[in-house]
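So, here come the structures, one by one.
Same chain, two partners: chain A is paired with chain B first, then with chain C.
Presenting the complex of A and B:
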């Protein structure tokens, strides 16, 4: 085989591998998007016919999850069991995720700064914090349920916010600590000599340098909270169901799992993380500390 | 008045002593250099003065006021860090304006602009005000760091090896500029360095620090001409001072300094009293390379063998082997010697020193001719 042919074979092989990987990863997305727009008749193959793309495009699934009817207002539908509304669960999810993320960021970032700059807690504290993550959530969630009931936090938004913050706190500490470690300690000292208070030095001199890290951490933690199913399932009841829990319960007596409605809600749930990533994209760039000090 | 006074300042980190009872009196308007090898406590000293590092013991006063327990911001001091520590996310203008904006008596916008531009003009960086640190060259960043210290006209400036990362040419230029700048501002400046050339060329007075102890505080010329100890003698001057072991005896009412291969005599008068009193201790004779001349061998002179010749352009450093040790001499350019030549050593006796071995100075000739070379009578051999 000539060198050129070899190289060509290599390229083809590589492209093949890329294509195969893409198929594996994109298939669920494809499934989700197409399913969200399929009418009920096309959810499953009928008479051996598979609907790779929706034959009759419809927004019915979206209408259905927001309290309407899948077949339009006029049409009578045997599908409708009980009207459902995903709006409240989505809002619940937003509040709990954003609140939990914000709380974890505030506490975690301060903790990380203390550890990185002042050696707070010695060598042990960072590992103790990491230890919190050693237990799988399922192992501790039942005791937490009792605790939350006792504290009257069960099935409340503050209860979710607190547990989300607690669970993601170690991530924030460990991520932010490594970002703070990269900021030369003289930056803080220069700010203090320049007249800043300790808090002012943190806010005006150090924090701007870890913006990128903070944005990355925020996105990471938000996605963790946003996609939580287990904790919300245990710690909430009807009142503050989050979107993932709500999604799992969309089913009707007539059809069993409502694939179309679930896909529609799934599609909506993808939007916030994607939007957030786009919003903070320019902060996700590293190298903000470049030029601070001589190397 | 912004004199800086340290009294008994001590600082330990774990088991390591960084500062060991430091007493210093830095005068108002003085260019004061702290010279010492790495980890001699220089940086800790600066950080103690500025207030970032509280001393374990002792006091720091500025302008007659005890500031030991005062926060850095309240001391009216500026520091230029070794790594500069510019704010990389801010423009040069904002870097310079930052210290002004943190003050309680924060100036208005116009006043701020005026002062930033004035500082920028002083340092020749007025065209860079809208750039960020990453877009600057090493020398420009250096100036921005100095500008940030300059802009709020503090009483005392502290510099922590600020030139160490610059290339050699830029360093020489910045040295002259810094000296000039300090003269112009007339403010107290404490400058920490491990580069003796920086200390010698810029300082009004030099403080030699080693292992957290002050070995000598004096004007550069004095540190050079009358080093307080062998350590100081070797930290200042390139190549360092030659040290030769000697023994001393008093023969016929005359002091004899017996070096390997030659001996010196002098009256045991007040000038040499310290040396006389040190009988029995291990002593060394110190002679700077420029005070040793290479001459044709003669019976009356100590003889040595040339080992290496390093022409440096303006001068030639000649390494000779004398009594099993290397002695360095600085000769005028064009000196015609080659390795393995046998040469005579002529030591300028009006410029020699006597030290306790690894210890303090006992005698500096400092221009006086107390000592004379005598024919070796061969009594006893030196160690």
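Presenting the complex of A and C:
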């Protein structure tokens, strides 16, 4: 075999392996997406026949989770079950995630700037902050629950916003610190020599240079908050349930299987993080490693 | 609780973690003048410690500003970590639960000294702990092996390379609770996974993935491996791409085999990245809750209960709050010790390199 043919065979082999890997890793996503469009009689196999593809595509599941009825295209079986309202949980998720992200960004950026530029907190503070990330959230959340009940923050959006900010703030500190560290110290000093106040130097000289980093951090933290399940499960009740918690509760409803409705909500839930992550792809590695690995 | 417990802070401040440019130590930024070590006094002024009173004043002003900037963060740490941890410690010495009718701060009325801690070291916690460690070890090990393999596949260019790597990252981006739900669907005894197995293996496979005590933890691990192999892939690929081309080429010219190049050149360079990836992943896997809850709720029995699931179940299903508080305290201590160890081993690698 000539060297060229050998190389071509290598490429084809590699492509085959890549394709096989992708098929395996994307099959679960495929299953969720198709399930969201399957009518009830296709959710589970009938007579051992698995529905690898939806036979009768339907938007009934989406209508159903927004309080509508799925009938019209898939029989009357939904009439007996109670209506589902997924809109409120989705809005709760959105408000809590955005609010928590904003609060974490303000506090975290300030802390990161203090650490990066002024060495505040010495060597201990950054580590304490990282430590927060290492504890299983449940160990922290249960005591917080006592506090939240006492402060009447249990099952409220502000309560959720504060705890989301606290849980994701280590990410902001470590990420923003790695971005601030890349800004030459002279930039701030030059701005101050030019007559800027400390705040002015930050706003006019430093901030523009880390704007990309700030945006990345914001999206990253939003994804983290949006993905939360445990915290909302513990710290909310019916009123401000977030979408992931709501999804798990549809499952346990007495009306029996709700696979399609759950899949429809699941599909809606995964769209924002998947799209946003493509936006921040360049900084993904840095974010995931707390800024330790830069690319 | 949040006060540092025997950590070695040098990791966070020492030299770069490796000779690669891809890894920089998550370090304090000021290699220049550091006024002191640790604590509130350890504030590094950006200005060199000049002798003139003006410079000293400027430095003090900077220190003050720095302290003010980090103040909100410190308040948050104390309010939402230290204080709750102290509350948990307090509750753990009592028999309190919401059903006692007292508010949590009145828990001293049902004081019980260390009785909760008797249970902590009992069989049920120990088995949950060992189970979590095992599941974490298997999951992270598989994720590493698969992630490295896939990263090596993606090392050289091929058509649609970019699209392929973006697609590969999708599982990682999926909300973990939704991932759990997906695997709940996939692993039904009449679900698609058994369907595929039936097509491959003779006979009708009807494995009860979610309700069999042996299979349930495997199912949970499977979901974790699916979701987080892309994480390993992404980070290892970043490390592999940072390996200098000329060194590899030189070794090739000298006739080194592929395995030799990997062991002698690539591995030493990406070792710090491997460690970071393993440690971060192990930390997260140890906390596993969401997908396990969606798939099995820790069942059957406690067969797939990780520590987090057990804590949740004991608190909310069994109403054993004070016992859970004691567990939480023990878990915090154990995790702190484990983290300190991990950090130290990380540092050893770093020292071995310089």
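The rule we apply is simple: the second predicted complex is superposed on the first by the 254 of 295 C-alpha atoms of A that agree within 3 Å, B and C clash if a C-alpha of one lies under 4 Å from a C-alpha of the other, contacts with A are read in each partner's own complex, and residues count from 1 in each chain.
One rule holds for everything that comes next: a contact is a pair of C-beta atoms (placed from the backbone, for glycine too) under 8 Å apart; a residue touches a chain by one contact, two chains touch by 3 or more.
All figures in this text were calculated on a predicted structure; none of them were measured in a lab.
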| item | value |
| --- | --- |
| Partner chain in contact with A:270 - chain B first, chain C second, else both or neither | second |
| Greater chain A contact set [chain C / chain B] | C |
| Partner chain in contact with A:200 - chain B first, chain C second, else both or neither | first |
| Contacts of A:146 with chain B and chain C, given as first, second, both or neither | second |
| First, second, both or neither for A:116, with chain B first and chain C second | second |
| Contacts of A:209 with chain B and chain C, given as first, second, both or neither | first |
| Touched partner set for A:189, first chain B, second chain C, both or neither | both |
| Residues of chain A at both interfaces, chain B in one complex, chain C in the other | 189, 288-294 |
| Residue numbers on chain A that touch chain C, as the complex places them | 11, 14-15, 17-18, 21-22, 25-29, 31-32, 35, 44-45, 48, 50, 52, 106-108, 110-111, 113-140, 142-144, 146-147, 149-150, 162-163, 165-166, 169, 173-174, 177-178, 180-181, 185, 189, 198, 223, 226-227, 229-230, 233-234, 244-245, 247-248, 251, 259, 262-263, 266, 269-270, 273-274, 277-278, 281, 284-285, 288-295 |
| Residues on chain A engaged by chain B in the complex (per definition of touch) | 184, 186-187, 189-196, 200, 204-205, 208-209, 211, 288-294 |
| In the complex with chain A, residue positions of chain C that touch it | 2-4, 7, 9, 12-13, 17, 22-30, 34-46, 62-63, 65-70, 72-74, 76-77, 79-81, 83-85, 87-88, 91, 103-105, 150, 153-154, 156, 158-159, 164, 166-179, 181-186, 188, 190-192, 195, 226, 229-231, 234-235, 238-239, 241-242, 273, 276-277, 280, 283, 286-287, 289-290, 293-294, 307-308, 311-312, 315-316, 321, 324-325, 327-329, 331-332, 335-336, 339 |
| Residue numbers on chain B that touch chain A, as the complex places them | 50-52, 71-73, 77-79, 81-90, 98-99, 102-103, 132-136, 138, 141, 148, 152, 165 |
